[in-house]
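Before any comments, here is the structure.
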């Protein structure tokens, strides 16, 4: 048996936390505690790199699969694996956690041991979310992750930390519980179709879900993820959580946790409910575009740096969602790439803001000014990260944003055009903040601030290096993503095209009536029942659709100019089998 | 004409209802306990009537058990009443409201 | 039939009086009367054994216990504090009375619609104490043993709760 | 080889940025100058190599690496040298080198760290600018495009302590971003339409279809969007507002970025995509109209400005308008030619003004100058050359290029545009010589430089002080005796003056006996490369073919005469008003009080933007979206749900009164209800 | 002598015997002498555990009224766990408050015996008797701190309402007897199944009244009013005991009566239970929000948990039946753990049971705070703890039965409930204490029991397979 690398990614931080649990907490051991936590997190990062190096970037399939029966009676297994989409998110998680730890090295004074334990547990849960291929397992990690984050905000946060922590937890939880029901429904559908429960994502992908259930299922999933992303108008927990969280919390929250929402959309909501997803994509797209503009405008007026960055996340994540909603190669790939970028740049911004607030114990922009004079190095890094955040070509932000815009443009030029205003707005709010903080005369309170310490250099250099590397050599990262993204896009398109057979009210068997049992998964589809397994996986046709020739495009554009895109009404989805003709033009 | 089963059942229903009503209309713990005894007795009547209609001894035996239960409940209930009275010199149930909300 | 109505009327009236008395002492005594009437009904139902233990156990033992407690506590008459406490559960009595009316309506409705069982009693009731005894210590032996535990528990409980000298009794 | 051209300055940037605090000024300057000069040398060598190729296949392509790929879309980091970019890299590295050298002296009063920072930015700018012009596709160009915007931002805000400077930098960046918004959308549309971002491939594809004359189609939309990008970068209406403010930066920066190179990127971009734009005549018309309108508008504003750099800035805007006019009428070579000559004389003028400011310790207000001719002879004479060149006096660089544009405009049948262009030419002459006369002739104004700030009556913008407060000011204070340009500056001035005088001869038209070598050299860049379109039969005829037609020659000569007269007439007017009879100028100003104020306030465009766009956005964002929608509506409803639950909790809690009878009622109610439900059913 | 007819009652006999032994021991105890009476109970419980392991898959019955089927044995195990933990958590309180040891333990053990009987009984009369045994014992335990007015008040309220509702229950038995001629569940089931068409009103009366009796014991809304008061007034260890043991026993009998005997009438009672479940979940969570007393808060929480159990009961499919068992176990361990922590903090003269009292507990007693957090999170249904699996199981049952709204109400109320669990967490971890340390030290045995509970909570949350299989096997024997 090969080394279970994915499991070790999940377990290593837990082991680290367990070791820490048994250490005494006194002055003497505090630094040891910190160092152990750091070493563990660095080891995890090294392991993610190892994973990447062993990853076959040409394959669209899930790799490093591990599968153990867990609760066999319900078809629940410990089933993990990575594809290109999750691989890099794992690396990102591994990358940011040590930085977050280091970033809070000195600002966390109380309960250092608990802090390190919580961060490590959080890391483990995040890893778990990204590797899970079993919906049950996924949900376990998804919910489990909330708790360490809650403590992180609630214990080590700023003044209104309790409010923020509780709001974060309850808001996120209320979205995800409905997803739990949708997951259970899926498993039940699988049971109805095959006679056995299954939470196996790959099996559930092949389920044919009747229209109304697709509708509700997608809504449940999308709500959970939209809250996590957070998509406008579900975003209000984010500024509170960010502002009150300690630096490490903000970094991880912005860097990784928000990605779980978008990751969930890509991994679960869209491929599981393709027809509904395609029908809802325009609405998602509109919300995303509103989020882009709205987040930026609100960010612009924030007096608090962290809040500003928080709202900027709303804007940036709007881009990601837009790319996903577009559901074409560039859009999704850009979205995945932008997830990484946002992790780097916003993580970096929070680290920097954290350093400033450690020094001044305030995050109000108006309290700062002229920092360039006293701390040129920090300001230089700040500048680079700012530029990365506003998508300057040559740095990471640009590639993702551009691919997303390209994908979105191919889908709906209008939306792309509105989204592109984000390019202007992001420059506006970021540079305005940058100017107010760093330029101008030095105030008395800021005159004696010290520049970056060696530890802070260690924190920031990797961020800057990644920002540059990802901007200059994006293919390094895009390559492994691409096959998986292509597979996903085709899967969604294919799924959306297959007419859904069942119509009318939810054709659930009445309670107590034995469900029709189909002999087994591997057998040929049973055509008589309303549910059948879609055995044909991603035919050639989908691949062909991905590439569209010029002529088609011209027609498309001409048509686009003639009329506004009309989207199928929700009702149509409920009443009729989903036909290819009722899909948005971009995906037909 | 002999009274039918239904007559007995209706009679016991009336008694049972009187018992339940007693729980509410009186503000004396003792009377409330007595009301519960009325309810149990009403049930006993039902049991005996049913037993008679089935022609078996079951009904009567169950009544025997119910009486035991009633006795046990009465013992514990009265002990509680005594303990309560010691604390507050009152038998009004509404004077015991320190636990609420 | 006459006897049924007589006993039934006595039981009902006595029970009604029980719950309308202000003095618990009267209530207890009236309840004994009611139980006596019930005992008569049991006789009518060919259950002499039950009738007897009704008198012995219920009227004789349980009610005496009640009387004991009433006297022991020398309880004040009800409602002395009512003015103050009426606000505690406003309308509970009225509500209870209304609900009781509804309940009897429901029971009445249900019982008068019962199908085949509304007929007269069949002949051949089990009246022999021996038969009851056999049954009680045969089929119902386990239940009987359970009641012994029950009584033990009640005994222990009553002792624990009502015992006068507490280890740190300060409330009394 | 090509990669070295941008790479060398970039290395210079890295060195200065990394070691800046630890090395001396001399070393920093040497690194920077060395980098750019080396780059210049490599450029010359590359161009030499290019010229050696046959005219029809003059292109050197270097694919550096595959930048990013996604599905059917991929873009490589490819550099491409063709005649157009060759000219540009020579301008960038050549003039860039001079300005670097000039800067070593100009910035000498900065601290070591600041000095190194300045040069690192300058090198970075050069690197990005070179990427911009060498990029063979839109995205590589966009890297440079945004990069130079960034450097412009950094350099405008170089004296970051001053709020005006950092504001100006930010404004420049954001206004440029507005242009980029259009540019990006244009590029996206290009990708969708052509499936590629490569200039050559686009040109090849587009040349298979006819020009889009019928309606406003995709091509027109693409080009218009690209042009929006160009207006941002090249400061055209409506996005020109950032350029005058950009004068907050050090003067050499103004010379390099905001006169010679970066601001011409828009023009270059249109030239680069001449074939594409050629297929969108409607866009071209818009380009021409915007160009000429900008030229006129900026020229009129330039007439009344009192800040020496601002006058030059508006002059730049105006000249850029000319270039766009050229592009709009399809005279690509003429436009690029003007770009080329303009780089020389405008850099010269800026550097000259820099020398003046340097000498006056930061004084920029024209009204406080005068009579500098004697004290700063080198500066004066070189400045004069520049002024004459820009005015279009026959024989100097500006004459040839500007004349070419006007001629093409007229010959293309755009008479109205031509008239406006000519008027602008007159204005150019007037405001340039107003500048010359006010600054160098006459008597020095009384107010001493040190209280210059206080004395500034200029409305709107208090003329900024060039040198950062805190250092530098005292060195040349109380100008009893002013130093002329130090050697490093003088060298740059002189070389540029020579360039301004003679650069025009590269494009000497046939009528004047020249062979218009520059045009021949550049022409292939504006067409589809023959080697690459061998399979295409339908080669569009370039819009303007050189004809040796006698009537045409006569027309050309005639128009030359007219513009020469206008130029010299303009100088005459300036001489009358500002040298001989300043009263008359004041009289005119007070006569047309309203107009004067309008011009002085630059048509209130900034105010208009503030009132119409910026403030509404701020108010909507703060009061409407943040405090209204976000806090009240969205968060309010979230918290509202919580509050409703909490209220419900408090209410339900009250049911638990503590009375056991109440509890019994609850039980009894349950019983009765359940039984009632059963029986009712 | 053939002992075979008696083997089904061996577990409860073990417990009852130790209860009697405890009483005897107490009578020999000199005043002030410390006598290990609690461990005596442990012996009984362990014996019961061994016996029930031996009985697994044996399908033993005794007297025709007690069936040691797997279902009953599973509940018996739950009760043994409840008993062991309760004994462990009781010890400090009993010592500190100088409660009558022998009586305390005897009553607790009798109550457990009654619970076991209730879970295994297959005759309504025996169920009623068992119910009375356990109820009377628990009433007394509630009021065992006689000198505390609130304790007596709690006992009184519990007793009065309990007696009131058991009268209804008994009336229900009477009608059942009248309808079917028997009190035996098998017989009842057969009779009810034999008749078709609309059930006669008396059957509905019977079902309704029995439902009321059970609903009272599982404190379903609106029969829940006694719960907060009784839980608040009783000593914490007793509260833990009755909130888990009574509920487990009552649900076991509930399941037996309604899913076996009254199964033919399901169409009628499931609607009522649906409404009860919704009301219970909503009232339990919503009112729980406003509580400032931890015991009271957990009382509402346990009401809400009763609601989730009702969801499983309403669903009435195989998953639902298994879910009831698993949920009972998970809930029992978790809730007892939580009350155990409360019991550990009780100092006698200061109960420390206000939410406010928990401020800064993390600094004083980090281990207790951590354990409490684990229990609270498990109650809130967070993975990877027992509560999550339990809830997941329940909601699967609801989904499978098509009760989507029930599931939605369930998940949303569990979100609300998280809020009040978190209030305590906020207090423990994120609020500074008003006054410095005032918590007693944790006795070793009780501490070990707490840790053991936490371990079980995690075990059930992470590796639930075995227990889930047992639960599935349990229900397969009787339904």
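First chain written, first letter: the chains are A, B, C, D and E, and each begins at residue 1.
Just so it is clear, a contact is a pair of C-beta atoms (placed from the backbone, for glycine too) under 8 Å apart; a residue touches a chain by one contact, two chains touch by 3 or more.
Because the structure is a prediction, the values reported are computed rather than measured.
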| item | value |
| --- | --- |
| Chains contacting each of chain A and chain D, listed by label | E |
| Interface ranked first by C-beta contact pairs | B-C |
| Greatest separation from chain B - chain, by CA centre | D |
| Distance-to-centre winner among chains (Cα means, whole assembly as reference) | A |
| Intercentroid distance (Cα basis), chain E paired with chain D, Å | 78 |
| Chain centre separation (chain A, chain C; CA means) in Å | 68 |
| Chain centre separation in whole Å, for chain E relative to chain B (CA means) | 26 |
| Overlap residues in chain D, where contacts from two or more other chains coincide | 653, 656-662, 664-665, 668-669, 671, 675, 679 |
| Sites on chain B at which at least two other chains make contact | 9, 16, 19-20, 23-24, 27, 33, 53, 56, 58-59, 65, 69, 72-73, 76, 80-81, 83, 87, 93-94, 96-101 |
| Multi-chain contact sites of chain C, meaning residues that touch two or more partners | 88-89, 92-93, 95-96, 99-100, 103, 107, 109-111, 114, 117, 140, 143, 147, 150, 153-154, 157, 159-161, 171 |
| Pairs of chains satisfying the touch condition | A-D, A-E, B-C, B-D, B-E, C-D, C-E, D-E |
| Chain A residues touching chain D - in the complex, by the definition given at the top | 167, 170-171, 233, 235-237, 294, 297-298, 300-302, 328-330, 333-334, 370, 372-373, 376, 380, 387, 392-394, 398-399, 402-403, 405-406, 409-410, 413, 416-417, 420-421, 423-424, 427-428, 431-432, 435, 438-442, 473-475, 478-479, 482, 485-486, 546-547, 550, 553-554, 557 |
| Touching residues (chain side chain D, partner chain E) in the complex | 645-646, 648-650, 652-653, 656, 658, 660, 662-664, 666-667, 669-671, 674-675, 677-679, 681 |
| For the chain C and chain E complex, residues of the former touching the latter | 107, 109-111, 113-115, 117, 139-143, 146-147, 149-150, 152-154, 156-157, 159-161, 163, 166-171 |
| Partner chain C, residues of chain D touching it in the complex | 657-659, 661-662, 664-665, 668-669, 671-672, 675-676, 679 |
| Chain E to chain B touching residues, read off their complex | 125, 128-129, 132, 136, 139-140, 143, 146, 149-150, 152-157, 159-160, 163-164, 166-167, 170-171, 173-175, 177-178, 181-183, 228-229, 232-233, 290-291 |
